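One chain, chain A, appears in both complexes that follow, with chain B as partner in the first and chain C in the second.
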Partner chain A sequence: MNNAIEIRGLVKRYPRFQLGPLDLTVPRGAIYGLIGPNGAGKTTAIDMVFGMGRNDAGQIHVLGLDHRADEIALKQHAAYVGSDLNFQVWGKVGRAIRFVRGFYRGWDDACCAALMQAFHLSDSDRIATLSFGARTKLSLLLALARRPEVLILDEPTTGLDAVSKQQVFTELLKAVEDGERTVLISSHGLSDIERFADHVGMIKNGKLLLEGRMDEVVDRFRFVEFFSTNGTEFQNRAGLIILRRTENRWHALLDQKSDAQNWLQTQGAQQISLTRLTLEDLFVALAREEEVA
Partner chain B sequence: MTNDRKSCLIGPISPAAGGALYRQIVDRLKREVSEGRLPPGAALPSFRQLAEDLLVSVITVKRAYEELERDGIIFRRQGLGTFVAEQGHNRSREAKLATAKHLLREGFREAAEAGLKSGDLAELAREVLKEKK
Partner chain C sequence: MKRLILDHYRRWWRVLALGAALEFGLGFTIAANPEIAFEFWAFLLALWTGATLLSFDLKNGALRALAPLPLTSRQIGRGWWLATVPIPAMVLAVLLFSGAAALCHIDSSRVFPAERLGMASFFNLVWLGISFTLIFNATRGFSGNLWGLIGNSFINILTITAFFGSMAFATNASKSPLKSAILLGLGAVLTAIGWLRAEQFELGRAGIYLGRAGQIDMGRPDRSGIHLTPLKTKTQPCHHVAPRSYGGIPFLLSSTFVSTFLNLAAMVALMALIWRWQDLTLSRSPNMVMELVPVGSFMCGWFIIFFRFMPLLRQLRFLRTLPVSATRLAFVMLAIVLLPLIAVGALVAGVAGLFMGTVEALTVLNSFALVLAQAAPCVFFAVWRGDRKEVYALLLLTQVGFLLGSMYLQMLFHYPEHSLHLIGPIMGICLPSAFLLTRRVILHSSRAYRVQANACGNLLWGAGR
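== the complex of A and B ==
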């Protein structure tokens, strides 16, 4: 079994939004970045994995376990960190840890202690007085110290300062160090995702737009500049998204896997020049446009 | 705990340094090898370890190692790890020479675009060399 998470044909219908049909494949040992504009369906998809809401169609398997039939086993092996950071009821950090610890056979006290130090948390800290960033770190600690085989994080770095973000990613890289553990992370921090994630999936309007190895996905696209000399009005087509034009100068996004570059030449585009782009550039260009593939 | 395992074999690398991150790793490791700080037979960290040290994805390091392996600078032994090749030093120098040639070509192209003639180019090269001294 080489995939840690397999989502096939997942559908969830709401009155004003439909997720899917969605296929998502997260290879074992990877840090997988799930990206997409606000409202694309990232949180809905993640919630389905953990049975928060019932899907209308499709299957979800985590480590080969069906998310409904094997729910308990799945939750033993997979951990979830969401945006709910309401731990106040436990009063102090130490109490929250002792409470959560009891539920998991794999709980690792040494790992927990190391994380406490890395995140500058202590047993006696009052949760109510912790900063937002410190509460985020506490929720990560509670998930990481279980040593889960699959860790799913829904926007864990939103609102963290640059130092805290780096601490979090350091711990995530450490968590996947043995090659057996897998992290799925949804985030809007695209430069972080590009640096730390091995795989990326982008969803928009409930559908998967792109998925693959980070380097291959980013390398596949280029910004293209060209000039039209014969008055051609260039339109979007497979592998080409027009971003802007000024008179006869055009800027577009080009998919190098398509024949768009050849096509441009046959249409009389001149001085075609290609520029590499970042994941963020790609995201913005794709988020603006419906038709890509 | 977070920091004590960090080694400083190479790095740090940064998107601001220009070029893909994996390229930066390739270039830094080549320099370590060609300057002898990583002698033949020296063990390199696992790619997951180096990813952790440099704070980059595992795939970035893997890609860098694959390229260095293709160039004959390092080799992998299943189950044992990754090591600097016997010929790594020479290979690294060859690769550096190829890069230097490429950059010179780029430089001459720029100069030609600026209107310099081939005679001027030689003069320019001498000037740059003098600065270096």
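== the complex of A and C ==
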């Protein structure tokens, strides 16, 4: 079994939104960045993994465990981190640790102590007085100290300053350095994802737009600039998304795996120039596609 | 300030309109049935037209939104005090009198209960004032100096005592005028303290509603000018001792049980002391047991749902990510509410059995059994809909509905009190169905887990996708 997370044909319907059908594959040992605009369905997909709502169709397997039939076993091996978790009811950090520790036989006290040191947390710290960043760190600590095989993070760095963000990613990288642990991270911090993740999936309007190794995905697409003097009105087609036009000058996003470049030449496009793009450029171009169209 | 007051009414007009209609109906009913005590309902209406609404705004980060507006802290405090204490008190009084006047106008043989309505209006004012003080006192912060902590805690204890005391004395205020006057006087003092708190309101100290429990350092101007100084790094020693005792669900249940049980026991003891002071000693009349015990058990159910369970509900998302099955989680949700109620019911029944007899002990047990039956569906509603305004209304309706429904069935079957014949089947239906429904919601509902941080950094329900 080479995949840590396999989502097949996942569908969740809401009155005004439908997630899926969604297929998503996270290889074992990968750091997988799940990106998408607000309201794309990232949190819904993650929630389904942990049984927070029931999917209308499809299957989810984590380490080969079915998310419904093997719910407890799945949660023993997978941990969730989100800035939306609330631990205030436990009052103090030490009590929250005591509560969570009770669920996991493999709880690593040494790791917990090391993380507390790294995150500047103490047992006696009152959770209500912790800053937003410190609460996120506590959430990460509670997830990492149980030594999960799969770590799922939903917007963990939202609202964190640069130093805290770096601390979070340092600990994440430490956690996966043995190559056995898998991280699925949903984030709007595209530069962070590009830097830390080795796989990426982009989701929009509940559908997966693209998925693959980070370098392959980024390398596959190019900004294309060309001129047209014969009056051709270029439209979106497979492998080509028109971004903007200034008189005869056209800007578009081009999929190098398609025949779009040849097609442009046959349509009389001149001075075609290709430029590399970043993940953020790609994200913005794909996210804006519908508005432009 | 005028805009602040109008904004409060504009946002809460549906609740206030409903409260106004009910208050009018209450005046009408008091005039129609002068022999029945309706003051408890007046208390409920006053509670939901005053600072309780403000507490929702504060919890949802209203203060954070108001802070950058061109308003002084004093204007904010004063505006809220006016909007939640004197104005609703006056309107409620007018409506109460109008309701009674309407009946007397229709049926001229009725006696206009001016004295009773006047007393009810005074109590309304006091309840509104006390609830404002209780809620607004939290804006002073509790992590300042020792004297501040002691002062705030003392005011809170006085406020809670005055709350329960005035609720108990409102029913028969004319029978003990001196004690009622003392309680009204205490209420008036607390109302004045609320006004002072509003006048002295400092945004910088309201850390609890700005996202921090402590006081926020707003900074002081440096006379010597601005200097570039290195940022201080956090050098707090990190202390961690690996816990050796149990954790997990048993820890959650035991810790919530102990604190809730102690709170409930203190509340019951306070009510017993107030009744004792009111000369409503239970041993003097068996009927008194039937009258007072349902009120006490109802208040216990009220407290545990609104002040213990609802805050805990915000942890549901986290609890669902832990290796706990939906069945077990549903059981835990119910147990958090039901176990302390069972324990307090057993304690009070034991005391009643020792000092009064088996019959009275059974009355207590039956009354608490009814509260268990009404608390169970409340757990389901709360898990189903989350920590939203409409849920509070639904919970209130459920609790009041159970109280009225059981009274109706009692009359229908000619039972002198809540008997096991009546409550047994209700419990038999409510507890298992609440468990099954809660389990279903935990499994199927996405809404139950949708949380997001508000402007305060606290968690709200109902995030996006």
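Methods note: the second predicted complex is superposed on the first by the 287 of 293 C-alpha atoms of A that agree within 3 Å, B and C clash if a C-alpha of one lies under 4 Å from a C-alpha of the other, contacts with A are read in each partner's own complex, and residues count from 1 in each chain.
Criterion: a contact is a pair of C-beta atoms (placed from the backbone, for glycine too) under 8 Å apart; a residue touches a chain by one contact, two chains touch by 3 or more.
All figures in this text were calculated on a predicted structure; none of them were measured in a lab.
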Touch test for A:A197: chain B only (first), chain C only (second), both, or neither?
first
In the superposed model, does chain B or chain C contact more residues of chain A?
C
Touching A:D215 in the superposition: chain B (first), chain C (second), both, neither?
first
Which of chain B and chain C A:Q117 touches, first, second, both or neither:
both
Which holds for A:D109: it touches chain B only (first), chain C only (second), both, or neither?
second
With the two complexes superposed on chain A, say which partner A:R288 touches: chain B (first), chain C (second), both, or neither.
neither
Go through the superposed model and pick first if A:I31 touches only chain B, second if only chain C, both, or neither.
first
For A:R249, decide between first (touching chain B), second (touching chain C), both and neither.
neither
Taking the contacts chain A makes with chain B in one complex and with chain C in the other, which residues are shared?
117
For a test of understanding, state which residues of chain C touch chain A in their complex under the given definition.
143, 211-214, 234, 236-243, 245-252, 255-256, 311-312, 314-315, 317-318, 320-326, 443-446, 448-449, 451-453, 457, 459, 463-465
In the complex with chain A, residue positions of chain B that touch it:
1-2, 15, 20-22, 48-49, 51-52, 55-60, 63
Sites on chain A touched by chain B in the complex:
29-31, 114, 117-118, 166-167, 169-171, 173-174, 176-179, 191, 195-199, 213-215, 278
Chain A residues touching chain C in their complex are 12, 14, 17, 19, 38-44, 47, 50-54, 71-73, 75-76, 79-80, 82-90, 94-95, 97-104, 109, 112-113, 116-117, 120-124, 126, 128-129, 132, 159
